Structure formats: structure tokens, C-alpha cells
Amino acid sequence: MSKPDSKVPPVTATLHLVNKTPDHSRFAECLLAMGQGDYLLLMENAVVAVADCRHRLPPDTGFLVADARARGLGDEPSEKGPQPLEYADMVRLTDRFHRIVSW
Amino acid sequence: MSKPDSKVPPVTATLHLVNKTPDHSRFAECLLAMGQGDYLLLMENAVVAVADCRHRLPPDTGFLVADARARGLGDEPSEKGPQPLEYADMVRLTDRFHRIVSW
Amino acid sequence: MDSTPAAGLPGYSLVISGGLYSSQAPATALAFAKALVSTGHRIDRVFLYGEGVSLASALNTPPSDETDWTRAWQELLTDQDIPAFACIASALRRGLLNQQEADRYQRPAANLADGFVIAGLGEWVQALADSDRVIHFPGGA
Amino acid sequence: MDSTPAAGLPGYSLVISGGLYSSQAPATALAFAKALVSTGHRIDRVFLYGEGVSLASALNTPPSDETDWTRAWQELLTDQDIPAFACIASALRRGLLNQQEADRYQRPAANLADGFVIAGLGEWVQALADSDRVIHFPGGA
Amino acid sequence: MTDSAVLVVIDQPPYGDWQGREALDMAFSLAAFDRPVALLFRGPGVNWLRPGQDAGPLGQKTVSRNLGAATIFGVEALYADTTSLAHFGLRDMEPPAETVSPDAAFYRSFSHVVQL
Amino acid sequence: MTDSAVLVVIDQPPYGDWQGREALDMAFSLAAFDRPVALLFRGPGVNWLRPGQDAGPLGQKTVSRNLGAATIFGVEALYADTTSLAHFGLRDMEPPAETVSPDAAFYRSFSHVVQL
């Protein structure tokens, strides 16, 4: 099972938690607000973004497996694509990042 | 005070009630669904669309005066722009249109 | 307000699915309902669905300098003798119970405000059949 | 679940502002809270705000074959001895009252579920000061 | 498609809130009273039609079983917006739905359009 | 701008729901406890800053009076997104706010960012 990179991010970096669909204005706002070293976690309705051809997701993107499976989306890690995460992986992320923004 | 045209619309025509901001996906969906003879009524948060330079509103558009005044928007009728409507004018619209769709 | 419906005008039902503080729906619907009444229209029924059932709680306690939308609606419903229904499935999930449902599910209290009745979606289907116009006031988010 | 917080791990507070049926927030927050507990983290407090107060109603009555999120949260709060607060301003407007507020405003009943306390925004400010992480679970619409 | 049918629209993905389920209940209710009704999945709502859903780990019931029974219970038609299907990379649909590009003419073919 | 300040974001117009008011209450609460806090108006939320509001006919209290007191009550700064102001044709702001183009660096200058 793939895990978020466990090295500690720079103190300025931000973990972005998004639970809105890609059609919601907050989704695009979040992508605009992402900087170097940031991580994007897709939760709840936002997981449908992994199948959405309209948005290019940042390299450091994960999605909650439980939300994805519920919505019939694969949980196989891909070489470059978003990484499947369990809730415990989400805890590892929130442990690592000092600044966590919910969108 | 300007009133919606009181002639009876064709039976196929639709009155569209929109209460979402222009940034909400339903707003654009509504504009796409409008046809000949339809009327667009901006309500609640949707009234900010009268000040929004991004959307071209259809010629037959009205907005609720109470919602516009609350949000600091003018209620003067303009030659071509959206028409200010009281709730009683909204009733005249819903009387006239047989098909009314809320977005 | 004139409470005698004029002949020839369409009869209305109103559906409110926007929540009390998550939307403006109950307030807009009330202003529209008053305009209907004052122009001599008949309001057949009001149906609360989804988040809209929040309007019908007897426990809503806004600060005294804010509008009490539940009470304002109750006054119109009583004055004009308009039946108002809260969908039972929406209501139970969201903690809106009359005494009968509170007893049935052994909950500690009932909180349905006077003037509202718990009923099924059949009342909405009936509104579509009975009323010339069914106007929907959804949430706005 | 291991209930002994490990030294050196950050302490958490959770803020839920998404409603019970208008969002997935209470459910996601619960899954996350359980993951925190099972990995040895401390949860300092839970704060319900805005539509999020809907979780704390003792009258929520989902069908018996659906998850009862209020009860599921109560179990975690009790097991782990986590204080949970519902913002008083959000709660009163939305018809969530403890006995004291029901008496004060002469409302017919109280409906605050066991395990939750009515409190001011100061509890949230305190969470920002006390906890290493404050995770917010908003509505999703 | 009956010209007096009600169209119920679902435009949010499943499981994120109760809106889609309550829209579905409206459709089933109409069908139960023998009123013609159809469903339209639009925008992120097309994700209701994605095969292989399992909401058990979320503590919810999987909606596809309900939806699969729609036509059995009397829902006349299921429609899915072609553009939205493409956006979300949906080729197979479960249950199958008729693809449409909803425009004024489409919405006008129904007596009522319900969007929660 | 203090680097440990909390940023509270408002991105919906006033009066349509209670979200903005409850966000404002959060900001005022922080200020009351002497915690540094700033407000950002973004998207349709910039309409909070439009002069001449009167919500009386809606049965609500006008928010601009509250908002005007923000700096008096200790809110450190009011920011408004430049692009959103242009979208909604806002030139005058009441109360005045500092225009910004919020990007990663902007959000990173705050210890917490709160969006209801």
C-alpha cells in the first residue's frame, strides 16, 4: 500500500483538504493556492476528481480510499497519479504538516 | 415601477428561478437551459449577477428588489438590463408561466 | 391581507427544501406566500423537504432582535388556514419529531412546532396533482 | 483501540461545521478521529459549529438499518473521554437546546444529546491555542 | 418519455450528502403513485452511474442497488448528460442510462423539473 | 499582518445564508481573546463590501454595520481579492479593504486559514 512520502515538509508547506466536487469554485481556488511542497488530499465528493479529465492534479495528491471505493473509483496506486490513502495515512499527513487548510 | 410583460407566454416557455451565485455550476446550467420566450428571475444570492461582468444575461431577466437592495445593488430599471421586481411581480410571473423551474 | 381567493387565479403549493440558516429559502418563500395571499391567491399546502424541515422545530431560538422565521410562518399558516407538512423521512433523520414519533422511537422529547404536520411524500405528489403551480424554494449553497 | 496517547505526537482538536445530512463531515471526522485514537494520538476537544451542531441532537432518528452518527460519536466521546462542545449561538438558532437554555427561553423541551456541552466560541479559540493541530471538517455542497 | 412526466435531476455525486437520495425518494414516490417520472444525472451527479460502488466502509448503504430498481418500480427513463459522462470518464453505466444533451427542448418535454 | 494571525475567509454574498455571519463571529471571537486575525473576501464574498446595503426588507440585520466595527474590535486587516472585485464591478468598498491576489505565499503568511 502506497504511503505519503514520510519526509518532513518545509515549515511553510501546507496540507490542503478538499471535500468539494471539481465543479465547485472552492476546488479551483484550492489548486490556485497550492505552492511548492504542498500536498492535496481529496476527500468525500472531491475524490471524483481522480476521474475528471478537466483538472490537472498536482503531483503530490492523495485521495481517501474509502471515499473512492464508495464511488466506484479504483484504489490502485499508479506511477504518477494520485495516491490511495487510508485514514491512518491521513493522520500521518496531518502529523507532518503544521498548516492544514480545509476548502 | 417596471413590470414583467403581462402578455401570456407560449405554453412551452419556462420561468427559471435561480438563487445561486454566478460562481455556482447551477447558474451556468440554467443559462444553457433557457429557450425562446423563457424568463430568468434572479433571487437571493443570484442577484449579484446583475453586477457580474462575466455573464451575459438574457434580455428577459428580472431580479428581486428586496434581495438587490439588501446587497447594495441599484433597483433602477435600465433600458436593456435586468428589471427590478417586487414579490407581487414575481406572483404575476408565476401566474403567467405554466412551467417553473428552480435551479 | 385579503384572504378570499379570487376566482380564475391559479392555486399554489410551496415546497421548501433549503435549511433555515443554510439558505434564504424559508424567508423568500414567506415573502412570496404573503404576496400570493395579498393578491387573492389560494395556497393549497406547504411541504417541507430535506434540510427544509428545520423550519418546523419548536426549539428554534433566534436572538430576540432577529426574525423568528418559525413563528412568522406559523402566523401565516394559522391566519390563512394553510396546511403545512414536514416529510417524515427527512424529519426523523434530522431530529424533528411529533409526540407520536417520539413515543414510537422512545426519544426523550418531541419538537414539532404547532401548525406543522408530519407526513409522507404522498402529500407532495398530491400537491403536484392538486395545485396549478408548485413553486420550489431550494437551498442556495 | 489504544487509548494511551504516545509522547511526541501532536495533539488534535476537530471542528465540524458540515451538517449531518447536508454533508459527510460528521462521518469523515469520526473515521479520522478513530484513526487518531488507534495511532495513539490525543484528541483535546471536538467543536461543533454552524450546521455542524445538527450532530448533537438527541432526537436524530435514522432508520434502524442506517448508521446512527450521533450515537457512534457519543460512543467515541465516552470511550476516549473527549470533551465535545456545540457553539451556543449556532445551537440556539437551529433549535438545539440543553435543559438550562430550554428553561431560560421557555421552550417546550431540551434535545442536546449526552456527551455534548453547549459553549461559546471561546472553546474554539482555546482549541487553536491548546492543540498542535485543529482539523476542520466543513460542509461539502 | 411522456410529455406530462416529472423530471428529477441529480447533480451531486453519491454519499457526500443526502440530497441525491432524497431526490431519488421523490422519483420513487411519484412512480408509486403511478405518476410518470424520469431521472437526469448531470454534472458530478453522473458518478451515481459508476459501476462497482461499495459504500459499506463509509457506513452508508450503496445507492446503485436502489437505482437499479428504478425502472422496476416504475421510473420511466434514466438520462445521463453526455458531456458530464465525458468529463468524468464514464463509459459503462450501471444501471444503463440514455445519454442526452439537455437543452431547452429537453427540459420542456417535462411538466415539472425538480432539482433539490 | 502578523505571521501567527488566523485568516478567516468569506466567499459567499451576504444574506443568502448564515455562513458569512458565523465566519465573522469567529473573527470577532479571536479578536476578543486578543488573537491576531484578518478577514479575506473572495469570489462572490466581495459583495459583503458593497456600499449602501439595506437588509431590513429581508427581515435581516444589515451586515455592513458589524463589518465596519471589525477593526475597532481588533481585527487586524480586511483583504479583498482583486480579481473578484473586478468580476463584480466593485470600485468603492465599505468598509475599505486592502486588495490582494491571494496565492500560496499569501495564505502561508497565516498560521491558520478558516473557510466555513
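Order of writing sets the chain letters: A, B, C, D, E and F. Residues in each chain are counted from 1.
Rule of thumb we're sticking to: contacts are C-beta pairs under 8 Å (C-beta built on N, C-alpha and C of every residue); 3 or more make two chains touch, one makes a residue touch a chain.
As the structure is a prediction and not an experimental result, all values here were calculated from the model.
Shared contact partners of chain C and chain D are E, F. Between chain B and chain F, the least number of touching-chain steps is 1.
Any chain touching chain B that also touches chain D appears here: A, C, E, F. Chain pairs C-E and D-E differ in how many C-beta pairs they share in contact, with the greater number at C-E.
Comparing mean CA positions across the assembly, the chain most remote from chain C is A.
Separating the CA-averaged centres of chain B and chain E is a span of 27 Å. A straight line joining the Cα centres of chain A and chain B is 38 Å long.
Centre-to-centre separation between chain C and chain F, using Cα means, comes to 33 Å. Within chain C, the positions touching two or more other chains are listed as 21-24, 50, 66, 93, 134, 136, 138-141. In chain B, the positions touching at least two other chains are 19, 23-25, 44-45, 66-67, 102-103. Those residues of chain F in touch with two or more other chains are numbered 12, 15-16, 18-19, 43, 58, 60, 112, 115.
In this structure, the chains touch in the following pairs: A-B, A-D, A-E, A-F, B-C, B-E, B-F, C-D, C-E, C-F, D-E, D-F. Of all residues in chain B, only 23-25 touch chain A in the complex they form.
Interface residues of chain D facing chain E in the complex, by the touch rule stated above, are 21-24, 27, 65-67, 69, 72, 140-141.
Residues 12, 15-19, 58-61 of chain E touch chain D in their complex.
Residues of chain B that touch chain C in their complex: 17, 19-20, 24, 43-45, 64, 66-67, 86-88, 90-91, 94-95, 100, 102-103.
Those residues of chain F that touch chain B in the shared complex are 12-16, 43-44, 47, 50-55, 57-58, 60, 62, 86-90.
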